[in-house]
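Structures follow.
Look for chain A in each of the two complexes below; its partner is chain B in the first and chain C in the second.
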Partner chain A sequence: MLPELTSILYQFGTNAAFLLLSALGLIVILGMMNIINLAHGEFMMLGAYAASFVVHRGMPFPLAVIMAFFATALFGIVLERLVIRRFYGRELGALVTTWGISLILAQGALLLFGPYMPPIPIPGGAVSVGVFSFSVYWLILIGISVVLVAGLALVYRATRFGLQARATMQNPIIARSLGIRTGQIYMLTFGLGAGLAGLSGALLAPTTSIAPYMGQQFVAPAFITVVVGGGANVIAGAVGSSAFLSLIETPVSLTLGTFYGTMALLVMALMVIRVLPAGISSLGARLRPIVAR
Partner chain B sequence: MMRTLRLLNGAHDLGQGRVFWSGLALLAVAFLAYPVVASSFTATNVAYYLLNIPMALGLSLLWGYGGVLSFGQVAFYGIAGYSYGIVAGNLQEFAWGTVAAAITALLAAGLSAAAFGYFVFYARVAAWIVPILTLVLALLLATFLGLTAGYQWRVGDVQLGGYNGMTGIPALQIGGVTFQDYAFFYLVVLVVAACYIALRVWVNAHRGQVLMAIREDVLRTELLGYDVRLEQLRAFVIASVLAGVSGVLYVQWGNYITPSAIGLQQAALPVIWVAVGGRDSLLAVAIATFLLNQLTYVLSSSGNQSALVIVGGLLVAVMMFAPEGIIVGVGRARWLRALKVRRWSAHPGHGE
Partner chain C sequence: MILEVNDLRSGYATGDVLQGVSLALEGPGIVGVIGRNGMGKTTLMRTIIGLLPARHGTIRLRGEDVTRLRAEDRARSGVGYVPQGRGMFAGMSVLDNLRTGLFINDGRREAQFDLVYGYFPFLRQRAKQLAGTLSGGQQEMLALARALIGGPDLLLLDEPSDGVQPSIIDEIGDFLTNLVYAQGVAVLIVEQNVDLIRRVVDRAHVLEKGRIVATLAGETIRDGELLAEHLAI
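Here is the complex of A and B:
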């Protein structure tokens, strides 16, 4: 009984961690700036490329992952200054523009670096419980997602940047009149979101092949997680949505295959928005008046 | 009849008046006369640049006139293309089989759009959710069709074919005419012209006005008694059927369709055509679609891999520096000045 239970928990955990890692950077940018970054998958690709580049020049993998975070964050900040900041308040314009950027990045990577990068070997071995064996690396990834969410909560709750960012999110005009440099907050938030995408890309790089169009495989899960989560509360949305979706995806993938798992995600997203158009994270705000009554 | 003509000449597209329509008629005549000077190969290529125009016009209606952005019009393009292939392939011994196939294909595109759109529009989601969900739809459809390799994936006599796609799709046949080569060229020109005229009447008619009112202010339109959800769904279905028209024409052109015709890169192209031309002008969108299709076709058939980088860069540049679109920007600059003078004299003190 115990091995079966562990196996089911492991499946749920890996699926939830995958959804969370794919969506975290995206949902940070959406929640704070109301901008959907369609180049998100390509930011993940950049993170993976950066990690692969330095790993094969002798850098240890954990350091490479951290380096990928900073490299992609820097790229995000430059992009925000050059392009994205022109699109605040024009969410459809931002969507279309970031799609153009995504095309340039993916095809540009193909032209510059060729059809694939050297793969990163998957670190850690396997542990077995009963007849099942589990990849140590995926267990670490589950742990890292928990740490990332906790770290993000800490940044938003306990730092000066977090306070100012939440103020900007609630009301940018008041925040600005209180002396908060909202432009700077947006720039750093976009950098943080881009960095998180790069970090996830580097973390997931050993589990997949590193290629210019690798970002595409993250598009469907990441965007569905964000649609279901909504932008009202970044952390609650990301955690709630990835946990909920993995509950749906895991049994379907196990019985019918991965494609139908992703298909189930889309169907669930259509169902959820029919009931909660602003996503799971709006549930808290909806319930509060009822509870208070 | 007069009313329809007045609507056709309406204000909600670039170009009014005798000079404009004479010019457009001349252009149509030039297209119809083109096969006299062109070989059947070049005529078929020109037909290819034209055949995506209905899909682009549909997106223009949806995004430019309705304010609803869809990234997944290629999904309905693909649904129609594959449906046509399945039905036409199975009804090959019947004279009207391909006509039935074309009708089925458009119905399939429209019905699937209605079902998908019901969930999206009746949920009244935020504006950014529609493009995301339609994009995911296109992506999943492409993934699914990629998985359909092998003999077990067949409908009647037709195999779906996985990544290699569906091949040997029969050309449209009405009575004794098979639409190949020059006949196919004429078919495309006529269909494109019909789509443009019908849509131009539509946007200037009542339904079009309501759609633009929704774009300007959802709440106000709703308070005037219109069901915003239904109007948006209607525009979405029309746009998807038009994408289906392009899909049916596309499978005539090459007699095949592969999942990559629905993939992420193809999904970006209609958005680029519409944005570069100018999304709230049908004419500008049609021109941009023709020119950009020619550009990407020439670039990629010469083995140049930078086509996507170029059109992607073009999209970013247009969104940054000419968000109303290049052709509309040029057109309005000249037309509007003349127009404004007239408006000023008609309603003094009511200018912008």
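Here is the complex of A and C:
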């Protein structure tokens, strides 16, 4: 019984961690700047490329992951200064622009590096409980997602940047009139979102093949997680939605296979959006008055 | 000279609202801007803080020309702005709202938490409450405290009595007179409430169709009927 339970928990954890890692960078940019970043998958690809590039030149994988964060963050900041900032307040413009950027990045990667980058072997081995064996690396990824979410919540709750970013998100005009340099906040937020996408791309790189269009596989789950999570509290929403979605996906995948697991994910996402158009995080706001009564 | 506005013009896509406004705040004290609805009072305040660009004329803070400076940089040079309608960050706590005022003056002064808690003790008790759940009067006081906490030299207040019950308007009036006396702050206040104007201002400029058409001071400002005339439709 215990091994089975561990196995189910492990599956649940890996599914949730995959959704969360895929979505984090997207969530920061969407939640804080109201920009739908269609280049999110390509930012993840950049992170994976950066990691693969340095790992095969002798850098230890953990360092490569950190380097991938800073490299994509820097790339995001440059992109924000040159292009994105011209489209604030014009959501459709930003959408088309990031789509264009995604095409350029994927094509550029293909031209520069060819159809494949050398893969990164999965670090760590496996542990077994009963007849089941679990990948140590996925266990680490589950831990890292927890740390990332906690760290992000801390940054937004407890730092000067977080305070300014929340104020900017609520009302940029009032924020400016109080001396908050919203331009810098947007730049850093976009950099943070891009950096997180790159970090996730590097972290997930060993689990997949590293190719120009690898970003695609993360984009759909990322958007589903974000939409189901909603915007009332983006970080809590993402945690809630990735937990909820994997709660549905896991048993279906285990019994019927991964294809039906993904189908279940999509169907659940549609149902949640139908019932709670503002996402899971709006539950908090809805419940508060009821609890207070 | 704390604030000097000279021949200011600004407005919207529909045309100029301000048609050449000049005024000055020499030092600590309270100067009023009064006028009927739609005369350009809010436009004037937004142009002084920098949320609307000046199309003509100059704005000087302590002698320095800030006409081309962005709003955030003007605020950082020591201007606290309380917009009409209060501009709360409704989804943030009372304490976080206060903290967003700390960048005024670019952190050159200590955060004046004790000062604002002294004036408005409820802010300490309700520190964790969401600002959007406060009453209108409490929100106004939070907006005043937020503009004050960073230690500005100049406060720009746009109709602080708007949507506030009379007893709290009196409280705000006492707060303002005390503030000028104790802290040496200069205040430019837009108001339509006759009682509040009579209580607090040293002089008042009457704004009509984007121009200053009269300035009331001394005896005339205590004359409620004259004031009401300038505010009536």
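The definition used in the following text is that the second predicted complex is superposed on the first by the 293 of 293 C-alpha atoms of A that agree within 3 Å, B and C clash if a C-alpha of one lies under 4 Å from a C-alpha of the other, contacts with A are read in each partner's own complex, and residues count from 1 in each chain.
The rule we apply is simple: a residue touches a chain if its C-beta (ideal position, glycine included) is under 8 Å from a C-beta of that chain, and two chains touch if they have at least 3 such contacts.
Being a predicted model, the structure only gives us computed values, none of them experimental.
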#### Entry: Combined model on chain A: chain C and chain B, fit or clash
fit
#### Entry: First (chain B), second (chain C), both or neither touched by A:269
first
### Query
Which partner does A:163 reach: the first (chain B), the second (chain C), both, or neither?
second
### Query
Is A:147 contacted by the first partner chain B, the second partner chain C, both or neither?
neither
### Query
So, A:127: does it touch chain B (first), chain C (second), both, or neither?
neither
### Task
Name the contact category of A:278: first (chain B only), second (chain C only), both, or neither.
first
### Message
Nearest 10 degrees is fine: what angle do the Cα centroids of chain B and chain C make about that of chain A?
### Response
90
### Task
Kindly classify A:107 by the partners it touches after superposition: chain B alone (first), chain C alone (second), both, or neither?
first
### Query
Is A:175 touching the first partner chain B, the second partner chain C, both, or neither of them?
second
### Query
When both complexes are superposed, which of chain B and chain C contacts more residues belonging to chain A?
B
### Message
Looking at chain B versus chain C in the superposed three-chain picture, what is their shortest Cα distance in Å?
### Response
9
#### Entry: Interface residues of chain A shared between complexes with chain B and chain C
none
### Query
Can you list the residues on chain A that touch chain C in the complex?
163-164, 166-167, 170-171, 173-182
### Query
Which residues of chain B touch chain A in the complex?
63, 69, 71, 116, 119-120, 122-129, 131-133, 135-137, 139-140, 143-144, 147, 264-265, 268, 271-272, 275, 305-306, 308-309, 311-316, 319-320, 323
### Task
Could you please specify the touching residues of chain A with respect to chain B in the complex?
30, 36, 83, 86-87, 91-93, 95-97, 99-104, 106-108, 110-111, 213, 216, 219-220, 223-224, 226-227, 259, 262-263, 266, 269-271, 273-274, 277-278
### Task
Quick one: which bits of chain C touch chain A in the complex? Just the residue numbers, please.
49-51, 70-73, 75-76, 81, 83, 87, 89-92, 96, 99-101, 103-106, 146-147, 150
